[in-house]
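Chain naming follows the written order as A, B, C and D, and within any one chain the residues start at number 1.
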Amino acid sequence: MTTIETQLDDTTFTTYESEVRSYCRNWPAIFDTAQGSWLTSIDGKQYLDFFAGAGALNYGHNHPALKEALIDYLVRDGITHGLDMSTRAKGEFLQTFADRILAPRNLDYKVQFPGPTGTNAVESALKLARKVTGRESIISFTNAFHGMTLGSLSVTGNATKRAGAGVPLVHTTPMPFDNYFDGAVEDFSWFERVLDDHGSGLNRPAAVIVETVQGEGGVNVARAAWLRALQELCADREILMIVDDVQMGCGRTGEFFSFEFAGITPDIVTLSKSIGGYGLPLALTLMKPELDIWAPGEHNGTFRGNNPAFVTATAALNQFWSDDLLTRDVHRKGEIISESFGQLSAEYEALSHRGRGMVQGLVFDEPAQAGEVCALAYEAGLLAETSGPEDQVVKLLPPLTIDEDDLSHGLTILSDAVATVQPTMRAVEK
Amino acid sequence: MTTIETQLDDTTFTTYESEVRSYCRNWPAIFDTAQGSWLTSIDGKQYLDFFAGAGALNYGHNHPALKEALIDYLVRDGITHGLDMSTRAKGEFLQTFADRILAPRNLDYKVQFPGPTGTNAVESALKLARKVTGRESIISFTNAFHGMTLGSLSVTGNATKRAGAGVPLVHTTPMPFDNYFDGAVEDFSWFERVLDDHGSGLNRPAAVIVETVQGEGGVNVARAAWLRALQELCADREILMIVDDVQMGCGRTGEFFSFEFAGITPDIVTLSKSIGGYGLPLALTLMKPELDIWAPGEHNGTFRGNNPAFVTATAALNQFWSDDLLTRDVHRKGEIISESFGQLSAEYEALSHRGRGMVQGLVFDEPAQAGEVCALAYEAGLLAETSGPEDQVVKLLPPLTIDEDDLSHGLTILSDAVATVQPTMRAVEK
Amino acid sequence: MTTIETQLDDTTFTTYESEVRSYCRNWPAIFDTAQGSWLTSIDGKQYLDFFAGAGALNYGHNHPALKEALIDYLVRDGITHGLDMSTRAKGEFLQTFADRILAPRNLDYKVQFPGPTGTNAVESALKLARKVTGRESIISFTNAFHGMTLGSLSVTGNATKRAGAGVPLVHTTPMPFDNYFDGAVEDFSWFERVLDDHGSGLNRPAAVIVETVQGEGGVNVARAAWLRALQELCADREILMIVDDVQMGCGRTGEFFSFEFAGITPDIVTLSKSIGGYGLPLALTLMKPELDIWAPGEHNGTFRGNNPAFVTATAALNQFWSDDLLTRDVHRKGEIISESFGQLSAEYEALSHRGRGMVQGLVFDEPAQAGEVCALAYEAGLLAETSGPEDQVVKLLPPLTIDEDDLSHGLTILSDAVATVQPTMRAVEK
Amino acid sequence: MTTIETQLDDTTFTTYESEVRSYCRNWPAIFDTAQGSWLTSIDGKQYLDFFAGAGALNYGHNHPALKEALIDYLVRDGITHGLDMSTRAKGEFLQTFADRILAPRNLDYKVQFPGPTGTNAVESALKLARKVTGRESIISFTNAFHGMTLGSLSVTGNATKRAGAGVPLVHTTPMPFDNYFDGAVEDFSWFERVLDDHGSGLNRPAAVIVETVQGEGGVNVARAAWLRALQELCADREILMIVDDVQMGCGRTGEFFSFEFAGITPDIVTLSKSIGGYGLPLALTLMKPELDIWAPGEHNGTFRGNNPAFVTATAALNQFWSDDLLTRDVHRKGEIISESFGQLSAEYEALSHRGRGMVQGLVFDEPAQAGEVCALAYEAGLLAETSGPEDQVVKLLPPLTIDEDDLSHGLTILSDAVATVQPTMRAVEK
């Protein structure tokens, strides 16, 4: 086997890769290895990761326990690609997921492997909700993000991404997410009114799909009471409630599912990103047993049995979800970030902050400044990204396993960057 | 780390997994390890694999050269999950793909990583075609299969899968695939006529999407002349031609791209399944440079930078595509299968066969018999599956790397199964 | 010419006519002749008409001046059916409409004859708005009614009528009509917010379509300030404003156009119902000259040149719109109805009322009672109908030309009916 | 009543009327009166009418018997506008239609008045077919014309008119009309194949909608055998058959319904244009009784009870459909036109002709010549129009009641025009 001699530099990517590439434009380093919260580029520079694969690396990069399980599996020629055949790796994952996650929470969801990405899970959830109810319409929420395939895109808010569809996106209606009017309007006044008004013109929905914290949308945090009211509103009208926990699940907000704190049980749940544990593609669609009316093969996909990901997923469940240590850790470290952001917000008038657990956002009145802060952070060796409809939020998604020194280090970089960007801004007068 | 004690048996899967599971119903073994063309179940039984992950394992299971590259990468903590950041693994893949595949074929496609599955590649191809042309409508072909997300499903033929969408599938019109009328009707008489008739009622299409061999559709083989005529028809009318090479690419028909034999250059090509080499999720969308009008991030996805798959993909390109040995191998072994099927078809009136390279189909006049043959084969330790709108075709997709003894062994199992299913059938009178 | 001997009774209709028939179920009389505000049935019973052809008979039945013009035209063999050819009748209508209606109001609308019904006018307005803006989406309002063909139905609120489409109605989103939240929510808080939020998920609209008073929707009255704010909101964002004046135009609210009182100038206006004057089918689509980008024949229809209707339309403009007498009349008689309804609302707790000019609604807390009142009124020789999403509103649309005695007579019948339906209801305690 | 002084000339129309106006561009006369087959312009010039309101004036202009009935009705103050209330005029029409048309043909259709235009009838037919079957998709035919509202437009072939919709037209698929391939392809090979192929990708249709002769489409004539085969194909697969008889019904092809000659009974029939008899707007939707599952008012419209049109419609049925004189007349005069066109086609190589009854088309190989012939005819005082996707057909729709001298006169004008347009063209060599 002869390998191709490669002199890697920028031109490799600009020459061969499509203009659609994105993150590499803000972070032009060429990365090579990674461990825990740190990435190393080919020229040896180290970067602290406050983005964690957009939430796909909750347990950090290349966690030793997961790495060992994965290499063991590969060495002993465990099946890699298994379509939806029964395999030892899948069986052990199912049993472990049931025992570690479902049973302790009194949940009896059936598990579907809809293909290995979040958008596959969302597409299957929408299909199932439509099949169960016989209705077409889905309610999404302002600033939602659910994926890039046609079904998921139709429930996604971002206008630029929607325009990319090339066809009008239909069968969906956006409703205001929690606190969309800064408390000025009662929570479900509009949604409830049009649902119950026979003349409203709203097509009766099959389901709502909701994130408990909107990451891409700008770290918008739904309150427990709002989520409970949404569940009740749906239950009263035989509308299914789908929680898209692709980014916020797997402990990001503390508990395994991001909706646990609200005491609700969605009808359908989507999981992906960190469920594979090691950054390997995997996704689940969970549904209440009575909704599991799929015909065999009605939804399928080549990579729905990504067995290496089952192995690392199982290892991650065993490693992190046998007790509540991680949950308590997340709450504590979330508090640290929140305090740091609180201080910045107190210091600078044009800043505010919001978040839950270890997803935290620093919100700039002046959107461009959020991007400038991230650019300065990158210079200082920190990876952090903006989100929100105007990219006005610096969104932090550090590994849940980050150690506190690294966390402090990163927060200091950010504080310094804010100070640089807002040098002339007066402290808030008290 | 405590692991969950698992007594794996059928009930693990029937208890926890959704009814949507499919292959595991016909092949109820619980598989554990795999090597080359063979899988081993947890109770030690061995199965010869003529399905190869529905075409995702063209180089067999766990090929040693790829395995070594993968384990090396993991051991040295190569980045696993890289979003669309530039990484050494991605750069080496891009350079190798350009040098091994594109350059020798005089192709200058730009490469997009649209997410790691075939349906992601198809969705991005449809989006791009619509963006470039400003039109919504797509032409698909009878018995096409392109994926399960909403955009891909709308260009897929199977009525059951379409019904699963739960919304009417629109913006697409099917046209007859090559030989749809058994030669009775001129190839593009209908398509060309409605395109050029201002009053036909056909919405002017942005693109056609076509497989050169329809695997799921029943091993329907397009002739080179038909593909050339389709390309000409499209070019004359400024309609883009998308070849979906997810299943038929990566050498399945002999050459790397399945369309090479026809001497055509599609505007957009989708690749997935075997491109990762080792059964790991990866997909590419290739587009002519002048079509690369994507805005940064206009299409994205969490797992579009599955770096372990870049590593095995690069190793596979180096291992198999540095010369034409594999291509010649595929043609030779395809011939062996074709001859075996030819003999069966000569022997039994109700059988016929078709295929190209190492995708070959044995077609039963009586659809149920195809399923019976596969069931008998499974009993005898061979994995083979049916396809076609009535599941009337036994479709073979063995690893391209299968050794000839194994190939003969499997073909003998199939011949015996056919003999069992059609015992009373007279030999064809000559 | 031999005529068929017909013994007309109910069975004629129940035997031959489709179940879709509707008004005849509540008003089972077989009507024969009509004059002014009165209809006479075949058995000689007289009925006072407070419905006026759902607003198509603003000038009453068979007004003598219009009748004379029509018969003269027919006698002299004026062209009846003229497609969209230029005819004397059409030319005189256009000139009269320009001189009597447009010029005095400083309007320079171009006039389209889109087919003779309101829904034709709405369909053409939506087409034009989409063509001008290149966008698909239309904003409608809660409880809107715009017609029964597919385009108009998609902007109509009533769930039963929408379901009749048999396909999902798309490309439209409902927004709250004025006072939808009884003053609790700021007028355009939701609409403005989602328009200006790049991440809201609302497809950017081509146009809004609005009635100034929603007749079918339950006599919901938009305030002048709300309409002005809507116009401003649209103008600021390059969204076209369509006022559907099919039912509320032609003097129903006093002025010729129902939007005049608000001082706004919509981009597109639809007229039908009373524009023909004599109950003959006619419709207009008015558009600002710069929007008149239609290609010749791009929208057409067999009966868009209904010349007898041009003749009566012209006569009606000359008869009623040479001065402001009718306008003042409408305001005065509207006041009479409003006072009568005010007294009833004061007397009975479960009643309220609303309206503008001579469209007035008596609103029942208990929807069934509205129907009972109309049934009693019918028994007493008065035609009045319910509207609203739960048919909870007795909606009055008397001829604008009704004399005051008849008006009083009808209002007395209604008051008596209310007293009968609500006998035990206490007077409101003051 | 003061009337507006009008100096009618072209500028009246160009100043006030929208650019969408169409016929008036080719026929710039300002018409005033009409009688039988003749129109008279305001400057006294007479025009022979071979267009007859695009088929809305089968009995000519202002037929005396109908005129008398209409004026009598107006004089005695018969109800003009009756929504869908029962009226004497409607009852007499229903009874007469049942006795004169339905009973003699052993038809038991229920009658719906869907609004007064053809497109209303088509929209209601599509709605009903979708409601009955629970399916969305409709099959239309190449070069069909069914109307300009959104539902009807989606089953119309013309690309320019379709583009006018401003939204993608969906839920419909075109199939080849009879003889679309000039006999080269078996009639329903494509349609039948995709219907019966579970993998074809065709959404299963609720109904087909078909014209027996496509007038707008270019006088394409379906053979009786093709229509019978279509009916059988539909019946076998529980697909409803809708015949749109808006232009071809009411005797245009000889018999009252244009499908009678084929011996078929459609499930749903639409009628409009000439059903009112006098050019007044009226439309019917006929449905087999078992399909009449409408809810009351599920489809409605302000002008569905156009009583003057009921009166003239009844008079027309009595006048023309008490015996078979008109039918025989139409066949005879159709033969005359056909012979004349046959001679022209024999004389000039670049001409052919087709038609049935009194809809006849002269087809030019060179489309522009068809328009030139019509322009010359207009100069000579004859109104005739082109149709077909390239306007390549001179389409004749003279009043069925035209006398033979006038018919000959018009045909001579056309022959002369052809001779002028094709002066250098050799006679066909025999």
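Criterion: contacts are C-beta pairs under 8 Å (C-beta built on N, C-alpha and C of every residue); 3 or more make two chains touch, one makes a residue touch a chain.
Because the structure is a prediction, the values reported are computed rather than measured.
Of all chains, the one whose CA centroid is most distant from that of subunit D is A. Counting C-beta pairs in contact, the pair that comes out ahead of the other among B-D and C-D is C-D. Centre-to-centre separation of subunit B and subunit D, using mean CA positions: 50 Å. As a whole-number value, the distance joining the C-alpha centres of subunit C and subunit D reads 30 Å.
Touching of two or more other chains is recorded for residues 136, 160, 167-168, 171 of subunit C.
Note for the complex: subunit D touches subunit B at residues 136-137, 140-144, 155-160, 162, 168-174, 176, 180-181, 184-186, 189-190, 193-194, 197-204, 217-218, 388-390. For subunit D in complex with subunit A, the residues that touch the partner chain are 167-168.
Taken together, the subunit A residues at the contact with subunit B in this complex read 1-4, 6, 8, 10, 12-13, 15-25, 27-35, 39, 42, 53-57, 61-62, 65, 67, 70-71, 74-88, 90-92, 94-100, 110-113, 115-120, 123-124, 126-127, 129-131, 136, 147-152, 154, 160-161, 164-168, 171, 206, 246, 272-273, 278-281, 285, 287, 292-303, 306, 308, 314-315, 318-319, 322.
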